[in-house]
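Would you mind keeping the following structure in view while I ask a few things?
Labels for the chains are A, B, C and D, by order of writing; each one numbers its residues from 1.
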Amino acid sequence: MTVRVTVWSEFRQEHSDAAVAAVYPDGIHAAIAAGLGERTGFEVRTATLDEPDQGLTDEVLDATDVLTWWGHAAHDEVTDTVVDRVQARVLDGMGLIVLHSGHFSRIFKRLMGTSCDLKWREDGRPERLWVVDPSHPIAAGLGESFVLEAEEMYGEHFDIPRPDELVMVSWFAGGEVFRSVCTFRRGRGRIVYVRPGHETHPTYFDPNVRRLIANAAAWAAEPGGTRPAYGHRPAEPIG
Amino acid sequence: MTVRVTVWSEFRQEHSDAAVAAVYPDGIHAAIAAGLGERTGFEVRTATLDEPDQGLTDEVLDATDVLTWWGHAAHDEVTDTVVDRVQARVLDGMGLIVLHSGHFSRIFKRLMGTSCDLKWREDGRPERLWVVDPSHPIAAGLGESFVLEAEEMYGEHFDIPRPDELVMVSWFAGGEVFRSVCTFRRGRGRIVYVRPGHETHPTYFDPNVRRLIANAAAWAAEPGGTRPAYGHRPAEPIG
Amino acid sequence: MTVRVTVWSEFRQEHSDAAVAAVYPDGIHAAIAAGLGERTGFEVRTATLDEPDQGLTDEVLDATDVLTWWGHAAHDEVTDTVVDRVQARVLDGMGLIVLHSGHFSRIFKRLMGTSCDLKWREDGRPERLWVVDPSHPIAAGLGESFVLEAEEMYGEHFDIPRPDELVMVSWFAGGEVFRSVCTFRRGRGRIVYVRPGHETHPTYFDPNVRRLIANAAAWAAEPGGTRPAYGHRPAEPIG
Amino acid sequence: MTVRVTVWSEFRQEHSDAAVAAVYPDGIHAAIAAGLGERTGFEVRTATLDEPDQGLTDEVLDATDVLTWWGHAAHDEVTDTVVDRVQARVLDGMGLIVLHSGHFSRIFKRLMGTSCDLKWREDGRPERLWVVDPSHPIAAGLGESFVLEAEEMYGEHFDIPRPDELVMVSWFAGGEVFRSVCTFRRGRGRIVYVRPGHETHPTYFDPNVRRLIANAAAWAAEPGGTRPAYGHRPAEPIG
């Protein structure tokens, strides 16, 4: 079964910041989409903030099984309409992969109910991500751990609800740890937060990160049960 | 240590609906507060929707360790200011006990990130609540199960995030089940959802329900760890 | 990818009890295997207690991705060797589906660490199973609930560790509830407990139960991450 | 309410290994007990492997609300009788705090159902423990993190069931992370695993570790619900 993935990104800093453009000349979304395109069975499109309807029309979402979200500098520009629309889709079963600084996106905060705040430091030192749940499909093919030579540090406390599943934990050279790959269910939808991906590092070209994101998208795309009926339920005979 | 509980309620249907006034002549909040008042170590006050600032000023919340919330007909009247204020307090460590139709309150939906929808039927038949986690302090003194002779039915699917802890499950005479006592953490705060309490039944006079709510409030009041610092973290030597 | 399922059963009461033989003339395992055989992508074999090595040689387990387990009258006859062997396989990634009275099997108690005890009554009245997690693949195709016209009652408290995921909850006509479909991870393995299936009722011919068990087996077969290395870890440079 | 804590330890390496005796001349248990003795409301006794009945008679356990367990070199000497007895007490509501190398104790493996294996290295470098759940009472008074200047490294994967609650995560100087403070429920009992405490480091004299263990014991001592009845349940009228 084909999984239709829409890769959403702000696509702003690539224009305004030469350091970002140097790493991601075609945009962060292009690198993420290219990574997903390496996985058989995915049909990948991109969408960005400055497109009509911020790239996320009903038509786009009708054709989306899993949405990946990268944002950083323009979280507040995302409209209520788009946040409401994406939340409704997630509750109805769409998968959502929230990447790195997307922790502070309006849609992630909406779905979590918390501040989603954390500690950070742009020190460009190594991050090692460890698998803590080797039973999880999201961990497939990643080894026991992998290293990113240079990344931004994110440190605990990460103000999220208790994850349904904790798949990876990051170690940072400066002394911090972080719950880096976490899953959450909301309604019929499945959400994965994936930490790495600072805009000045070539993280989305890393083969392990690409595998991780593809695994997360495949997992989030798994279909669940029937859409529940809500509201008044008449009495009915049993058996 | 004294636990300061504020019992909030709409206090509307008691004026507009004779059936409600007959059961709760002094208001639902008065019955809930009286139940909590039976527990040693609680200092209980009430607050209602039509008071200034909807009863929830900063002064009130400054003196509140645990807030209980009953609402039904006027959820939409609760202002953004109050929802924001209560959410911030919960994230900072205040306990919150959401009662019955409070499942559809703005604050509960804000903290859950889901629709919080469910099935319902006002059939006034028995509900039996079963303890499924006998290790939990919220289950203390309730026996293995207890019966409410007449209640409104709430049925699954209940559209909440996966609870951190599931303490009780309800059986309804008409063939439904419901996750009736659930806990959630948000930030430093602890939330308990407690199902029973339809406005036309004397549920808040029931000794088991009173014990259950008092247990939930005591549990939600337990102090946790240090308030985390968020934002930029400078590099520092380790060890 | 083909999922190789081994359906294990005691296959004793079918010989000793006419009421069981009347419902399952070819054995309970035959009915379970026939149900799994309806699902594309499964390769199904059976194994029973009175076969050499209790049906579970290393050769059989080498060719098993998921093991289903039905036992009732002869739990204590299962040898340490077999229990040790199955536990080791689960920790190494084999799926395990524990059915009905298998709650009291040595292997389930070994993996849970609890008594796995419960309440029961053979009253042959209806059971209704409700989906409480519509995001879960195990719930696919089952509707919001389904009814078994006659089953044995199992009631809470069910003495298991807190499930990783609670997928279905049962309602019984006599006033009880039960956590009927639960998942657990142990090592790299995935375990699903599935409640229905008393030996005197034709439960394993029911289309919903067959779909449920097939969903559980498919879910338990999902491959996870790398086999971890344990023990001494030499110091190594990072990055 | 007084919490009666029994501090159990092998008390062997203190006799056989001069490096251990130098740090813990009166035994590891004495240091742990002294730490617990600093907390108001605890009544502390000790018990060791070479006492009659391995220190854990029914009389001792009758007077124990919480048992702490430190073992390392003699796990296999603990008898079936003692393991069965302690497991039964935990299921019935006794708290259990498993310390450091106790991860490999027979009682912990019995209650977990997994290998409880992990990576390790005796490098005596710093460990930093981070609170990841600031809503948890076990985190009270510990700050956001604390450092132990020299400890043995324990690294993931730690082969335990998914914890009910993950309270702290450790960072190690060599590049590893570890889920250091985890809770589990088994029956009516509450279990906390607390990582630090290698026998050649003065960890059990550290004020933060002492506070952590005392918090864990206080949490594990919280009384829960009624002791469930198991077995046949006769039909009874509802309501």
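We adopt the following convention: a contact is a pair of C-beta atoms (placed from the backbone, for glycine too) under 8 Å apart; a residue touches a chain by one contact, two chains touch by 3 or more.
The structure displayed is predicted, hence computed values, not measured ones.
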Compared with subunit B, which chain's mean CA position is the farthest off?
-> C
Counting C-beta pairs in contact for B-C and for B-D, the higher total belongs to B-D
Let me have the rounded angstrom distance from the C-alpha centre of subunit B over to the C-alpha centre of subunit C, please.
-> 36
List the centre-to-centre spacing of subunit B and subunit D in whole Å, with centres computed as mean CA coordinates.
-> 33
Name the residues of subunit B that each touch 2 or more other chains.
-> 128, 131, 133-134, 144, 155-157, 162, 164-165, 175-176, 185-187, 228-229, 238
In the complex formed with subunit C, which residues of subunit A make contact?
-> 93, 125-126, 128, 131, 133-137, 139-144, 147, 149, 164-165, 173, 185-190, 222-229, 238-239
The subunit D residues in contact with subunit A across the complex are 128, 130-134, 144-145, 155-158, 162, 165-166, 169-172, 175-177, 179
Listed in rising order, the residues of subunit D that touch subunit C in the complex are 87, 91, 110-115, 117-121, 123, 153, 155-157, 159, 161-162, 164, 174-176, 184-187, 228-236, 238
